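Look for chain A in each of the two complexes below; its partner is chain B in the first and chain C in the second.
Up next is the complex of A and B:
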């Protein structure tokens, strides 16, 4: 038996043991003071809700393999031949009818989300730390103004925004998409709260007494402690830009610059309208491809999120 | 292609309401100013904006600073024209134009169909920058852009010499006084499109008059309570208004300026409403969304015997046909007066040049080439564009009339639609069609649900539209 195989066997063994320990440690439901019937009812509700939420995803996965006529003509929750997944997938890389290429839109979405999300996180971390740990003249007012930004829906300012953008040549420019995506008031609010709860003032004061510069305190002491909160903000801001529809819809008329949301919105208009194009399979598969990176991102980053919640609530 | 817009417009309109709502606000200002200038007679000069007049002569000075566009193989000295359209397959015509006109370089962009295009277009026009040189605008929306003085009069660029090449209805739509504000492209003469096997099963022949039509609808439904002769999509205001035009019950009169007639409650309108309400009451027609997957399925499976369709509608329907391939036929519309030959139009598009254009001469040249040359029509009449021409040399050519399509077997539906193309009553659209279509879909939706009669809905709509027009500063007569 090779070392690798042995290794994996012991690892599996260890995991099994851990799971047993976990099960023994789990608190029996009776101890929560809930009756078994109540638990069953609540569980049923949860299962139904999970089904309700997952059914559309399952539908998308199944129907991404179908032809247009089968999408409408066959049973929605089972497969139908011919299996068209790869053919449709190849079409995602082709320019359909001069509207642009899905692959191109996808890369645009990645660019906008990553640069906007990272930028938003940097600003939120800096701003949140500043507002949480520094008192300066007008800090409360500034913070209130930033939070007020939460209350203005973008649809309300769509036309003023467009007119302002036109003045500074941000229409049909990637910067017109990236710069506003870097401003996420919720992120700043979250970071401020997080810093207040997870970085004791005493810690910073101690560092100051030891002669550390403010920059050093921020980078070496505060920042590592802020990572769980930072990941949450990163996740939220990347997902927010990933799903943004209204802003790119307003500022882009050049199909080459569309993100996936606007590009697929265009396809869905055409799919309902021009009978000659087979756009529904592309819409279904395109939707599936679009959600995969978000699911992956959540799966990867959610442990930070959980860590963050624990850090705030449990005293070690 | 108009009504490729009609269906997307309806679905999209609601998604974009938040943004589109703002477009209406400016009408008031624009209207009051146009009210003043149009009193001078609506001559050709009223609409020629200073910018186009100033730059009209210097074509080749190409300004820099435009966003980077996929310009293809255009040379840097050519005039750059940005063109917005949502007709599928339009890039073929653009490429043909670019390869035969080295001094002009057209870049096609497709920001969206119907409202999907109008919203960014309105934004850019309002901002004074970022608008395309040429864009697809449906016939019914054209007056909305005229009144705001966003369009270039094409007469100085030779548009009038094409007048005789177009169906009279189409040319009347794009001209106002002495000015021509767009080049017409496609349209949709309407007819009765039916499955001949389904109708034969119920021993029905295409009705010549609306009285016969009503009798046939009842006959069919009595024989099979699950089936209907046609669907009555009351919640599609475009379809409804186009049918009213054929009945001599057109509800709007508008020829520019601040005066507007709205009449949904006159004798002709009420007669029209009563006719259809009777069929609805007898359940002799169904009432579902038109051009919807449901309608297509019901047509294909024989639940619906036919449809009051436009010339372009079969190209929407065809991809959904599985069972009834080859069984479809076109017949002229039933008539309100026996022996008459009155048609009507559903949808269609025009290609205006916008006053922001830095190269109006080249933009006009492109628009005229696109709509008024055999070269262009040889491309855009074929799938996936499948445009039905307002351009008479193509419309009346025997090869176009003789075209056959798989779903209609060996029959030649264009014979019927082409004949109907020349007998369309003239119609004038109010300069706020976006609002009419949105409000209409809501108001007439109540008819489909059976909550109101069509007469009640017409009366309600009369009040809604009058109130809206007045709020926008129009002098309304009924």
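Up next is the complex of A and C:
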């Protein structure tokens, strides 16, 4: 047997054992003071809610395989021939009507989300650490102002935002999209809380005594311990920009700069107005293609959410 | 020369709480000084101010000849062991120990040699590649020590480094810490709330209470000549029995019992006819085996036994006499209501430490022999010790 095969076998064996341990550790619900009936009722509620939430996704998956007439003419939750998925998929990445292509919009979304998300994460990590572990004059007031930003919906500031952007030439500019996407107050708030709870002051004190500069303490000691929090903020801010509709709608009038959200909004208008024969299948499949990267990102970053990073560092 | 000196060192927090009030303390080169006191007495604050981790409200801290009030911790050349170890969890043992050397830009070969020698001194050679999470409590404690000694610092600070270890390991690590101290010879300031640790480890011990220095002396001196009531009660286990007593001529009136004072009467002359507080250490109460009066300073004390605690090698006899205890009420006031209730309900007001082979039973009436020269006297108004005669 090859080493790799043996490795995978031991891994499978370990997982099996872990599952057994989990099963042994499970406590009968009666011990929590719950009745079987209550548990069944609650589980039913959860399942119903899950169905309710997942139904649109299932609908999108099924209908992405249909022609326009079948989308309207056949049962929504089952397939209908002809199977048009690949045909629609090919069309999706072709310039249809000169509005700008889906591929272009998709790349725009990727660019805005990654640069905005990474920028937001860097700012949140730096700011959160600073607010959590340094005391300076006005720190509370500054933090309060940042948190106040959480409460202002973007629709409220749409008009002033447009006027301000027009003044500084950020209308129809990539930066007009990226810069505001880097400001994620909730990310900073999350990071501050995360640092406060997961990076003991003694650890930073110890590094100071050990002669490390503040920058080195941040990079070498604090940052590695902030990874789970950091990944959460990255995911939140990337997803936030990915799904952003209002901001690009305000600042972009050039089709070539649209992200997928606004571009598909445009398609949706056209489909409704002119009854364009083939836009609805594209809209459905376009929506499906848009959510796939987000699901992949969740799956990819999941392994960073693990506990025990501080194991052995400080005694209680 | 002194390695650390503090002058009129004070700390008042922004909340208005005063943690330390005008501390004067000096640690000589190579000396092992223990700061001891109950929690909240300001000992950790003091240590953190010496380390530079806490701002100084007033006063000065000197390391060697240099005033370091405004010097950042990284430039002070002090090493510190933290109460909860504060190891870097994502670095290996070797990286934890070597972290300070990298910061100092020590060349790699030299660095590795020093990490290995520190690890060897602490028995960590086999663990260099492990992470803190894979170590036992005692091993983590050693890594924390290793991180400090590898720097060959001029000043060593330790904040209750043994308090998270179990009792047996703590005793073993005490001698290990001292061995390391002897080997590197750096002046050490060691903080603990455990008076046994203080007594067994310190060259000199500074007793702190409510942010004020009570006494700074050798362990022997603290035990033999406590400067005030607080030190008398704090040092020694079980703690000293303290009673209100009246001086009448040649005798000490303790409740209804009269103890002949012997030579001690000269120093109590100014208190004739007044109340003093008399302190008797539990180990200075001897069960009277009927062997006779002994020398002139020997007196006897009759007591009712309430509880006997057998420890195997010795026994603690909890007794009551009809004198008013001065210590318990004081302690109760300090310890808060919960304990006060408990103490008020207790039926004993004294403890004697005796040979466990003596067949003392609960409810029995016994006679203790006391050497009056070993009784400590305190002024009830000032709480200060009545000066003792040189022996």
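Keep this in mind: the second predicted complex is superposed on the first by the 286 of 316 C-alpha atoms of A that agree within 3 Å, B and C clash if a C-alpha of one lies under 4 Å from a C-alpha of the other, contacts with A are read in each partner's own complex, and residues count from 1 in each chain.
Convention: contacts are C-beta pairs under 8 Å (C-beta built on N, C-alpha and C of every residue); 3 or more make two chains touch, one makes a residue touch a chain.
A quick note: this is a predicted structure, and the numbers were derived from the prediction, not measured.
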item	value
Which superposed partner A:171 touches (first chain B, second chain C, both, neither)	first
First (chain B), second (chain C), both or neither touched by A:144	neither
Partner with the higher number of touched chain A residues, chain C or chain B	B
Which superposed partner A:225 touches (first chain B, second chain C, both, neither)	second
Which superposed partner A:47 touches (first chain B, second chain C, both, neither)	neither
Partner chain in contact with A:55 - chain B first, chain C second, else both or neither	neither
Which of chain B and chain C A:291 touches, first, second, both or neither	neither
Interface residues of chain A shared between complexes with chain B and chain C	none
Residues of chain A touching chain C in the complex	200, 202-203, 205-213, 216, 220-221, 224-225, 308-316
Sites on chain C touched by chain A in the complex	51-53, 72-75, 78-80, 82-90, 99-100, 103-104, 131-135, 137, 140, 147, 151, 164
Residue ranges of chain A in contact with chain B within the complex	68-69, 72-73, 97-100, 155-156, 158-159, 162-163, 165-167, 169, 171-173, 246, 249-250, 252-256, 265-266, 269-270, 272-278
Residue ranges of chain B touching chain A (in the complex, touch as defined)	4-5, 7-8, 11-12, 18-19, 22, 65, 67, 69-70, 84, 86-91, 94, 108-114, 116, 119-120, 123-124, 126-130, 132, 291, 293, 297, 315-320, 322, 383-384, 386
